[in-house]
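Scroll down for the structure; my scribbles are underneath it.
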Amino acid sequence: MLSRTADNLYWIARNMERAETAARLLEVGARISLLPTAQGYRNDWDSLLRASGNANGYAAKYGHPAQAQIESYLFFDRDNPNSVASCITNARENARIIRTALTTQVWDALNTAFQELRQLSAQTTPHELSRLTDWVTRHTAMVRGAIDATQLRNDGYNVLNIGYYLERGDSTARLMDVKYYVLLPRADYVGSGLDNDQWAMLLRAMSANRAFHWAYGGEITSGKIAHFLILNPQCPRSLITCMAGVNNHLTRLAKLYGRESEAQSVATRLLHDLEKQSTEQIFEEGLHEFLTRFIGEAAGLGAIIHNSYLSGDMQ
Amino acid sequence: MTPYFNEMFQNNAVRPPYARLEGWSADMPANIRLAKQAEAEALFRRIGITFAVYGEGGDPDRLIPFDMFPRVFTANEWAKLERGIKQRARALNAFLVDVYGRGEIVRAGRIPAKLVYQNAAYEKSVCGFVPPKGVYSHIVGIDIVRTGPSEFYVLEDNCRTPSGVSYMLESREMMMRMFPDLFRENRIEPIDSYPYKLRRTLASVAPAKCDRDPTVVILTPGHFNSAYYEHSFLADLMGVELVEGQDLFVDGAFVYMRTTEGPKRVDVIYRRLDDDYIDPLCFRPDSMLGVPGLMDVYRSGGVSICSAPGAGVADDKAVYTYVPEMIRFYLGEEPILSNVPTWKCGEASDLKYVTENLHELVVKEVHGSGGYGMLVGPKSTKQQVEDFRALILANPGNYIAQPTLALSTTPTFVEEGIAPRHVDLRPYCLVGERIELVPGGLTRVALREGSLVVNSSQGGGVKDTWVLAE
Amino acid sequence: MLLSVEHVTVYRYDRPVRGVVQSHRLMPSKFDGQKVLDWSVTMTGGELGSAFRDGAGDWVQGWTVAGPVDEIEVRVSGRVLTTDLAGILRGHKELVPPEAYLRNTEATFADAALQELGQIIAAAESPLGGCHNLTDAISDAIAYKPGSTRAHTTAAEALAQGEGVCQDHAQALISAARSGGIPARYVSGYLQSGQDGMDHEAAHAWGELYIAGIGWIGFDPANRCCPDDRYIRIGSGLDAQDAAPIRGISRGSGSEILSVTVAVQTQEQ
């Protein structure tokens, strides 16, 4: 496969997953803003922007955070490279470039999302936020489903999955980290009722609320949450599931090509590290510190994957 | 009575090739017709077959209108066209090998040296090089118009990278999908072997240094190009990689593509990129689209480039007037297809005639393409004619003029029902180890009433083109 | 005359580049005025690519260097036995028709001033005399001043400012000659330096004009003469860029610093 084809497949996956992250962030923000607080108005939207890595771009354009602007920034704004609109447009462009590497069903799913997005953007009446986020998760699921149902299980399929899992791991880590930013000013909230409410919201934003209760039951605690979202291989968004997915598809790629790659050995090491972790160790290190380290390591792995398979420089 | 040749109706009778279409079109209720038309448009949009027009802005995903009424040739008509097209393709290639070699046709005084050697498309860097099988132009698109039952004229030759073949194939696909009965009732020659034949043609001109099954690729300027759909369509149907310049690189004496498994050698490049852009070392140093060092590899026989750099000198509009001469000179035959009479504004007597008769002539830029920079005298206002006169007088050598041809018409679905519209034809002749073409071509139709301009950039549409089996 | 050449070009990149591709025309031309005794071109880390003699008679050699690399040296050295043929390119095999050298490029576009100079040719009694007159006129019109022009200065610009180097002289000469109807081309090569006390450019350039019945003849407006046995001819083209002895491109974001040293000397035979 051409390296450029692989690169575009990889970015279709990352962009679609990133679009979903933007929508989920919006959902978290909207729910947090509905919670009663002791001080009345709290600027949690700002924390949200910081957690998602979008704070500088937003500040440069709008300055002070305000809900309506943040909504439009995270959803429709093409100046924001991580907005839903940017990600879906980019994914569709990636797909157009390598149209023939995709099945009609996958192209249809991507193209339909793009065409509907253009209509949504043109609409003048205010959008209902929950509808927008539903719209995103529906379309990302349709693309993902079309890929699983129709794409050949060849190297391109592995590359798509590597992109999906890597981006999803990054997304879970960032969404969890929202908690850190939101709570940062008031450490005494930890363990309070408010703390648990916020964790519940995060689960809901990740569509993992019910799954969590089935798996753990009882009261929501930070320990259970961390276990669920980081170390539980049953959770579809947990860091360990994502890293196992990356590792699995890198291994298949190496087998297919009959040559080992640095990316594969790094992914295997990261997976083993996670498998040896316990929630106690994570809290000892500090959740925020742990997540920051994970995000950095995942980005490093992304760079190695780029060099190994996507840049075309491999000899 | 219209002065134009109507390909379906003559003297109030239906010409035989269209016999079975009369009932079909007459019986189709308006609502079905509209539904079918909408279905076709939806299908075209879904597969992404769109066309962007340079400099027009607007919708980058614009569709070329598709007309469902097919255009039909009999086996006999086609047999003559086919012979004429192949003859022309042979002569054009012989010309190219000659003018980059000894230049016999120039030495013999049959074509002015200036026209050839000072031509911007004459590429001195390939002088002395004979491409594999002696072929410069591997896909020759010849634009043909019809003015009577057996009167066909060649309007122009396209020796570089003629586009539109995807429309030929997709139009057929669409018709077979929507009107399968028509294909049962009429015996229509299939054209779906075109991608296979194209690949076979390209593989047949692999360089001598290639000692295995040749790796063929299509080189595209990228997904912003207006013909990108066609590039990816052909790559897909041929089962070859669609590459951009950045996907290729030169290492030692060969060209490789960058793949996830490491470098893979490339033997034949079907490029859809102008000469100027293919190698920044040789041509435009600012080109980001090409492959540095490609020309050196090409010249030393490490890779084949189709069409060969320099092929453009054969399809120049001023050189066009000498094609009949080429046929006589190289093949010793009389041209089967005629040229349109052409006045060269660069010559004083012709210029005088042209400027005195502008209102009834079509004037074209020698190096222009796609209907830009042209004047259709009878359809222009006095002011437009005067403006164009000034352009011609400022640079006469840049223009040629032809009579306004009475392009034939075929029935076309229009808002009010069915009406005659003017058409032309572009068949695609493949030249490699053998010369062949599929029975058919791209029929372009001027959808505006009375219009003679069929270019898709100027309101033209496309039709399926049928050649009936004997 | 026996001339020895030492020509070293060094490319340094501030950040390592991922690869380099070059196309060289660095072999002395084959004609009656030159006989190569020994000649070598080396490139650090370079892999020899395609090689062929082109239609203009120049030997072209491709090179590639696999990165990462931050410095590349191209070293040319050799000895050539030269004969003075009064500028005539006798015995040179080529296929490009002279008419192909009537076309101008951006760098040789003839403005009104260059066209006027072009009329010198027709005004003379013979085309050959006209070409000599034109060479003198260019020499008078453009004073030799190193650093006064850049690589992309056009013939018209150099003439307008009245200063330039051998590249500008050569491009102005061929531009004016073409507008006077004489096929003309840019020639790159070497010139033995120092002996006459003049400060020559050792990596030199001049023009060649085609006169029917005689053939290609060299004219050097920078030195107001025709090339003799102090000159080594390397290659030709429509302008300086087209005739460049080294064309190359690197893959990467590093910026390039170029240094060139050339020494051409006479040797005892």
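Per-chain numbering from 1; labels A, B and C assigned in written order.
Everything that follows uses one rule, which is that contacts are C-beta pairs under 8 Å (C-beta built on N, C-alpha and C of every residue); 3 or more make two chains touch, one makes a residue touch a chain.
All values derive from a computational prediction rather than experimental measurement.
Colleague: Using each chain's Cα centroid, which is most distant from the centroid of subunit A?
Modeller: C
Colleague: Grab the C-alpha centre of each chain and report whichever is closest to the global C-alpha centre.
Modeller: The most central chain, going by mean C-alpha position, is B.
Colleague: Could you put a whole-Å number on the gap between the CA centroids of subunit B and subunit C?
Modeller: 41
Colleague: Centroid of subunit A to centroid of subunit C, CA atoms only: how many Å?
Modeller: About 59 Å separates the centre of subunit A from that of subunit C.
Colleague: So how far apart, in whole Å, are subunit A and subunit B when each is placed at the average of its C-alpha atoms?
Modeller: 48
Colleague: Which subunit A residues touch at least two other chains?
Modeller: Residues 313, 315 of subunit A each touch two or more of the other chains.
Colleague: I need the residues of subunit C touching at least two other chains; which ones are they?
Modeller: Residues 66.
Colleague: Show which residues of subunit B lie in contact with subunit C when the two form their complex.
Modeller: Residues 100-101, 103, 106, 113-114, 116-118, 120, 122, 124-129, 249-253, 280-282, 285, 292-293, 295-297, 299-300, 302.
Colleague: Flag every residue of subunit B that touches subunit A in the complex, lowest number first.
Modeller: Residues 46, 48, 222-223, 232-233, 235-236, 241-244, 246-247, 257-263.
Colleague: Quick one: which bits of subunit A touch subunit B in the complex? Just the residue numbers, please.
Modeller: Checking each residue of subunit A against subunit B gives 1-4, 6, 93, 96-97, 99-100, 107-108, 111, 155, 159, 253, 257, 259, 309-315.
Colleague: Please output the residues of subunit C touching subunit B within their complex, sorted ascending.
Modeller: Listed in rising order, the residues are 19, 21-23, 47-52, 54-56, 60, 62, 64, 66, 95-97, 99-100, 102-103, 238, 241, 247-249, 251.
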